[in-house]
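Letters A, B, C and D name the chains as they come in the text, with residue numbers starting at 1 for each one.
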Amino acid sequence: MKAFSLQQHVRFGHVDPAGIAYYPRIYDYVHEAFEELWDVHVGRRYYHLITEDGLGFPLVHSEVDFKSPLRFGDRVIVRITCFKLGTSSLGLRYVYTVGETVCLDARMTTVCVRLKDLASIPIPDAYRARFAQILEQS
Amino acid sequence: MKAFSLQQHVRFGHVDPAGIAYYPRIYDYVHEAFEELWDVHVGRRYYHLITEDGLGFPLVHSEVDFKSPLRFGDRVIVRITCFKLGTSSLGLRYVYTVGETVCLDARMTTVCVRLKDLASIPIPDAYRARFAQILEQS
Amino acid sequence: MKAFSLQQHVRFGHVDPAGIAYYPRIYDYVHEAFEELWDVHVGRRYYHLITEDGLGFPLVHSEVDFKSPLRFGDRVIVRITCFKLGTSSLGLRYVYTVGETVCLDARMTTVCVRLKDLASIPIPDAYRARFAQILEQS
Amino acid sequence: MKAFSLQQHVRFGHVDPAGIAYYPRIYDYVHEAFEELWDVHVGRRYYHLITEDGLGFPLVHSEVDFKSPLRFGDRVIVRITCFKLGTSSLGLRYVYTVGETVCLDARMTTVCVRLKDLASIPIPDAYRARFAQILEQS
């Protein structure tokens, strides 16, 4: 199984007085990683997906384990795999590690929709093929 | 069962070009509601909990259903109950509604820790009693 | 001269490891205060201004003095006055105080535009009258 | 005169319903660019500046011209120069362009302080030399 990996930086303004990433910021990281997955792995700019294809992937369910805090100065590696690839439904898993330590394990389930009416539609085949490449073995 | 309710506003800067609250913002709402729960329902300012008691409640697990989008201009009601009250573990549920529509159902599990070393400790009795008041019936 | 005053709270997630409000957050406070000014002082919901009037007030210039840090737990008072009321141009001043201490003095110049093409237009009279009420004496 | 340049991306969650970057986000970009300036141009990680040197550069004054909106999908170039290099005072200018268009011109004045008591101190020579390299000609 392939995975898509990306490095992200925990910056000064992202952490709270305890020196730990304020958790809403973590969802910013996840969204940024999601956009990068589109731009680089899928090869379709997320910007074009929205503005030209008129498609979006709103979140319908998220489940996140916070295993170890992300701290100021961490240069985190996130590894993205696909845990669900339904007709319209797309489940992506984001595992964040600092060195050997798993800090965060996030499973985000989205649905492919037409933006004009938010109706769910099948994930287009060209995109589906890319997510199949990072599909977790069951 | 009692619950603690609070109104929150979906502002212009919180929504994306589709007019829907950008989901990392939603975790900002949840954290703000959590601080208000301390200040108003528990009756201990969250600020004093951290700076005087030296206690914190870092998140260990979150599970969120996004049922209906929050939109610019919505004046959302969030209703907070407790779904888990262990020795150190505190599970709070945040149900967001706009009119009759449930938009978001978030279950956030935190652990009571001493901030100086992040060691988990029992939830102090005075605080436990307040969370017991909003405990969901099993 | 009247002014419009509002209380805002510096929350845990808004401050950095030095315990001081991370400055991009301060612009969130200013924008929130701007929306409240519309809703409460002008008496036109900012939401309706945008969605029904099709008007907006994008920022063209900002000038901010950071005089004293805002800290976690501060319950700040912001006092809004108008320092410029041109045909299309609207300059609002936001002075933040904690007790006797002035923490922040922000002058934000916006322009009234039609959202459909971002063309500048005169500030409608009904709104202009409200800003005149909080106009600083020269 | 040298300048330090960096590319930044305007992402989906950064823009408002008008498709324009929500302005508090712009200060996030500026802060991120500031951290990169330290890490790459100065050659001292901002993280180490804070945690090992015990130094910080809080903002005392900001002046920003918003000339043209930043939009979703823009891959902006920011060019950083130094417009003031006093004993303790450091003024950095961030000019953001998209293609030939200047979108933003921000002048941020900071002061070098010891974090333990926020007392202003002279900018250390090794760092001063780096800022001198990007000093604007008067």
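Methods note: a contact is a pair of C-beta atoms (placed from the backbone, for glycine too) under 8 Å apart; a residue touches a chain by one contact, two chains touch by 3 or more.
Only a predicted model underlies this, so the values are computations on that prediction, with no experimental measurement involved.
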Contact-richer chain pair (by C-beta pairs counted) among B-D and C-D: C-D
Chain at maximum distance from chain A, centres defined as averaged CA atoms: C
Distance from the mean Cα position of chain D to that of chain B, given in whole angstrom: 35
Cα-centroid distance, chain C relative to chain D, in whole angstrom: 24
Chain A residues counted as touching two or more neighbouring chains: 12-13, 17, 22, 24, 28, 31, 50, 72
Touching residues (chain side chain A, partner chain D) in the complex: 9, 11-13, 28, 31-32, 35, 45-47, 50-51, 72-73
Chain A-touching residues of chain C, taken from the complex the two chains share: 12-13, 15-17, 19, 22, 24, 72
Chain D contact footprint on chain C (complex, rising order): 17-18, 20, 22-25, 27-28, 30-31, 50, 56, 58-67, 69, 115, 118
